Each structure stands twice: as C-alpha cells, then as structure tokens.
Amino acid sequence: MTIAMDRDALNAFLARDFPQVAGSYRVESVGPEGLVARLVVDEGHLRPGGTVSGPSMFALADLAIYCAILSRIGPVGLAVTTSASIDFMRKPVAGVDLLAECRVLKLGRVLAVADALIHSEGLDEPVARCSMTYSIPPK
Amino acid sequence: MTIAMDRDALNAFLARDFPQVAGSYRVESVGPEGLVARLVVDEGHLRPGGTVSGPSMFALADLAIYCAILSRIGPVGLAVTTSASIDFMRKPVAGVDLLAECRVLKLGRVLAVADALIHSEGLDEPVARCSMTYSIPPK
Amino acid sequence: MTIAMDRDALNAFLARDFPQVAGSYRVESVGPEGLVARLVVDEGHLRPGGTVSGPSMFALADLAIYCAILSRIGPVGLAVTTSASIDFMRKPVAGVDLLAECRVLKLGRVLAVADALIHSEGLDEPVARCSMTYSIPPK
Amino acid sequence: MTIAMDRDALNAFLARDFPQVAGSYRVESVGPEGLVARLVVDEGHLRPGGTVSGPSMFALADLAIYCAILSRIGPVGLAVTTSASIDFMRKPVAGVDLLAECRVLKLGRVLAVADALIHSEGLDEPVARCSMTYSIPPK
C-alpha cells in the first residue's frame, strides 16, 4: 500500500479547500492500518446537555473517510459521498474531543468503501460507527 | 392521527432548545401526510463549487425527522437518533434552499422510524434520501 | 418515463435467469408510479413463531428494486447491489404474502437508487422499509 | 467479558430453533475478540455466474451477529434485528465458503449493535461489510 498523501499534506489540503471546517477537524495520523481524525469540540458542535451533536459526528466521519481515501489516491477534489450509514451508540463525554479511526475496505476504480469508529478521546468504547461509499470521478 | 405539536409549536421549541441551529432550519408545515422542513442555505453550509455539504443535508434530515416525531408525541427533549442511513443522489442547486419531506413509518413505544426526501426548492427530483431510527425515552 | 420491461417481461426474465427464486417472488405490477412485487410465503421463509425471516424480506426488497430498475433500463443482467439499508418495523402477519412497493429515486449512468416499503397483504402499516444502490455496468 | 454461550452451545441452539438454516450456517469460533460464522455454500445460495447471492450474504451477517449477541447474553430467542446496513464490495469466489467475522460494538439494556466483515475463505479482502442493530426484549 502506498501513501499518496500524508498527514501534513491532508491538513494543508483541508485548510486550502475546506476553510469552513479546517479549524474544527484535523488529521492526526495516517498509516497502513488506517487514518485517525480529530474533531476539536467547541460550542457550535454541542446539543443541550453538552454532548456533541449527531450531525457533527457525521461530519467527522465524512471528513475522516474522505481523507483516508485521499491518502491512497491523492488530492481528488471531486470524490463525493454517495451513501452513508451511521449508528449512534453512546453519549460522547461532554467537553472532550472526538477521534475517528477509519479503515478503507475497498478502493475500486469507481467506488470506494470505508468505515470508521468514533470515540471520545481517552475512552475505548465507541460512541458511533459509520460506513460510507464514495464515488471517485474518472481521471 | 393526532398532531401533538403544530408548526408554530415546533419552531418555538427549536428556538428555545436548539438556538445554534434554529436560524438555519425551520418547520414549514405539519400534517397527517408528513412534515416539511427547510434549510435556509448560507455560506456555512456550502462546499467548494457552491453546493450544500453532505453533513448539512444530514442535519436537515435529522431535524425534520425529529420534529416529525415530536409532532406526534409532543416535546420529548431526550429522543435521540440511534441509526441513520442516507443516500446522496444529485448535486443540490447552488444558492437555493433545501426542503425535506418527511413521513413517520413507525411510532412504537421505544423506537420510531421515519424517512425523508430532500430536494432543492422548486425542483422535483430528490437530491438525497434519508431514513432514521429514534429511541424514545420512557415517560 | 418509458417502461422498458413490463410485468410479463420481468417475470419471464426472472423465470429464465433466476430459477431458484422465481417460484417465490413475482412482479405484480409496473407503472410510472413504481413497481409492486410479491413474496409467496412458504415454510422456507419462516422463523420460529411463524413470521417471515429478515433475510426473506431483504431478498424481496432486493428483487423488487432490481426489477424496478430493469423496468426502466431493460434486461441488464449484470446490475449489482452495492449497498442496502433496511429497517424492520413490525412483525409480518403469519401465513400472509408480503408485497413490496418500490420507487426509483435516481437512475444515473453508473448508479441507481430506489427504495421500497414492504407490508403484509391486506394491511396498510409497513413491516419494513429498504433502500438500495445498484451499480449499472457500462453498455 | 463473559462468554454466556460458546461455539457448541450456539450451534446446538441453531440446530434446535433454526432447523431451516442450521445446515448452511454454523459458528466456527467465539472469543473475546469476536465471533466467526461460516456459510457452507451450495447451489441454493448462488446467482448466475456462480457467486453467492446478496440475500445469502445478508443472512450470514444476520446469523453471525445474532450469535455474537447471544454469546454474550445467553439464549434470548426473541432478540430481533431492527435495522441493518450492508455494502457489497467484491464478488465472492465461486464455490468457496464465506466467513463472517463479527464484533459487538454495543450491548445495551434495550439495543445491541454489531458489525461484520465477510470474506471468501482463504482470501483476505472482504466481499461485504454489514452492521446491524438488535432489539433485546426485557427479561
């Protein structure tokens, strides 16, 4: 397996192409075993009670999986999510960042499939799992 | 079928309990056939190219389905999404609000299931479909 | 919308290409509004308690959606399901056939998306909902 | 983690309560890291071209996840699948058994969530992934 984009290349790509989200999300590590991305939790991500909202977790999984695919195929700006499924399993810990651990399960010519487990930093039990299919544009 | 909360009651509930999102999302109509919610699209929802981001569409579906369930059971603040599946089918039209049309398929004692079709205002073809399960807390 | 294969053409296609399942599943109607398929319930589809098994409902949805796509594009034997999501909402009535009502939501060059509601014949409330993405091979 | 039912107990449970499927599916191993189940492929599971059908893979994932939950909570016959999502990623190898490797991600009082990777025996790359939610009846 070749790494086409490493952590720094992915974070630079996010900062340039996704300035709206680049402050909240960043890639922590990239390796053969997968990619880890972080949601830096702030007020905007919270729901009543202080836990991170479902859409913020969805956004984290989406970004982590997108970056995991780019880490393998390089900076393809037009890859788009075609379908996603997510299970919310536990309440995230209030005021703690979330980490998504992502693995690429299929990297085809047209479709890529990956999944992610999300957990509150410092805790093992996952708060959510997500799987997504991305459509990769022809070169 | 009884309507436990109408459009105005739902919008008032959102404004009070979800102030972070109440500016962007609002309930348009509630009836026996279902609920329609609107995403008032602004810069924060966009991706490169000017289309609405996937997470923003997920958030719209989540809010529409949540309100559709509340319209039937009343203001239960602790109902939570347990699982969701979403298909992104077309690019939303740039700069146009999105509408989610939602129907409740099951309203059980513990779980509720609903789905939603999302389309750009003024266009028939759906840009996304979504189904979600909500867990309803015991009274 | 053009109907490329009608009910009889679809049932003949199933009998020829899917002899293992053609006895249990058949297309009831095809029209602009969608397709209806039937599962003729027998012992092999049941679980303890006499209700139809989850995998049998999944198979019904898969076949209904496949036929709904073929009704629009003609007999493409190599269209394959790439992803599916299903919610089981109620217990099917024991000893009663199941009907799947299916609508095609997107018919792209490469991917098609459709969903289906399944109910016990004679009852309105759905026992399951399903959405699927099919990959369509290049001509 | 306690193992409430081991491999032999699970296979005996299947043989008694699910005689229709017990010939095709069996539990291979149960451990703290998860459960592995096998689909003994025969003619009835095949589609044109000799590959295992999607519904047969769904049935394998369903059974593997059901058994993984029972391995933790004991023989609860009334646990039911409430939702499932599956991605079909590669063609299974013709004439080769399928193995599902399953892990329990959440074991709550009311809901359990697990996922599974399915591959053709002897090959590493997964042919499908599946996640499911089960509803557990009150004791």
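Order of writing sets the labels: A, B, C and D. Residues in every chain begin at 1.
The rule is short, and it goes like this: a contact is a pair of C-beta atoms (placed from the backbone, for glycine too) under 8 Å apart; a residue touches a chain by one contact, two chains touch by 3 or more.
Just so we're clear, the structure is a prediction, and the values are computed from it rather than from any experiment.
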Going by the average position of its CA atoms, which chain sits the greatest distance from subunit D? B
So how far apart, in whole Å, are subunit A and subunit C when each is placed at the average of its C-alpha atoms? 33
How many angstrom between the C-alpha centroids of subunit C and subunit B? 27
Centre to centre, by mean C-alpha position, how many angstrom separate subunit A and subunit B? 23
Per-residue multi-chain contacts in subunit B, two or more chains: 82-83, 85, 87, 89, 133
Sort the chain contact graph into one of these: line, ring, star, complete or other. complete
Within the complex, subunit C is touched by subunit D residues 17-18, 20, 43-44, 46-48, 53-56, 58-59, 62, 77, 80-89
Can you tell me which positions in subunit D touch subunit A when the two form their complex? 85, 87, 89-90, 105-106, 108, 113, 115, 117, 125-126, 129, 131, 133
Listed in rising order, subunit A residues that touch subunit C in their complex are 82-83, 85, 110-111, 133, 135
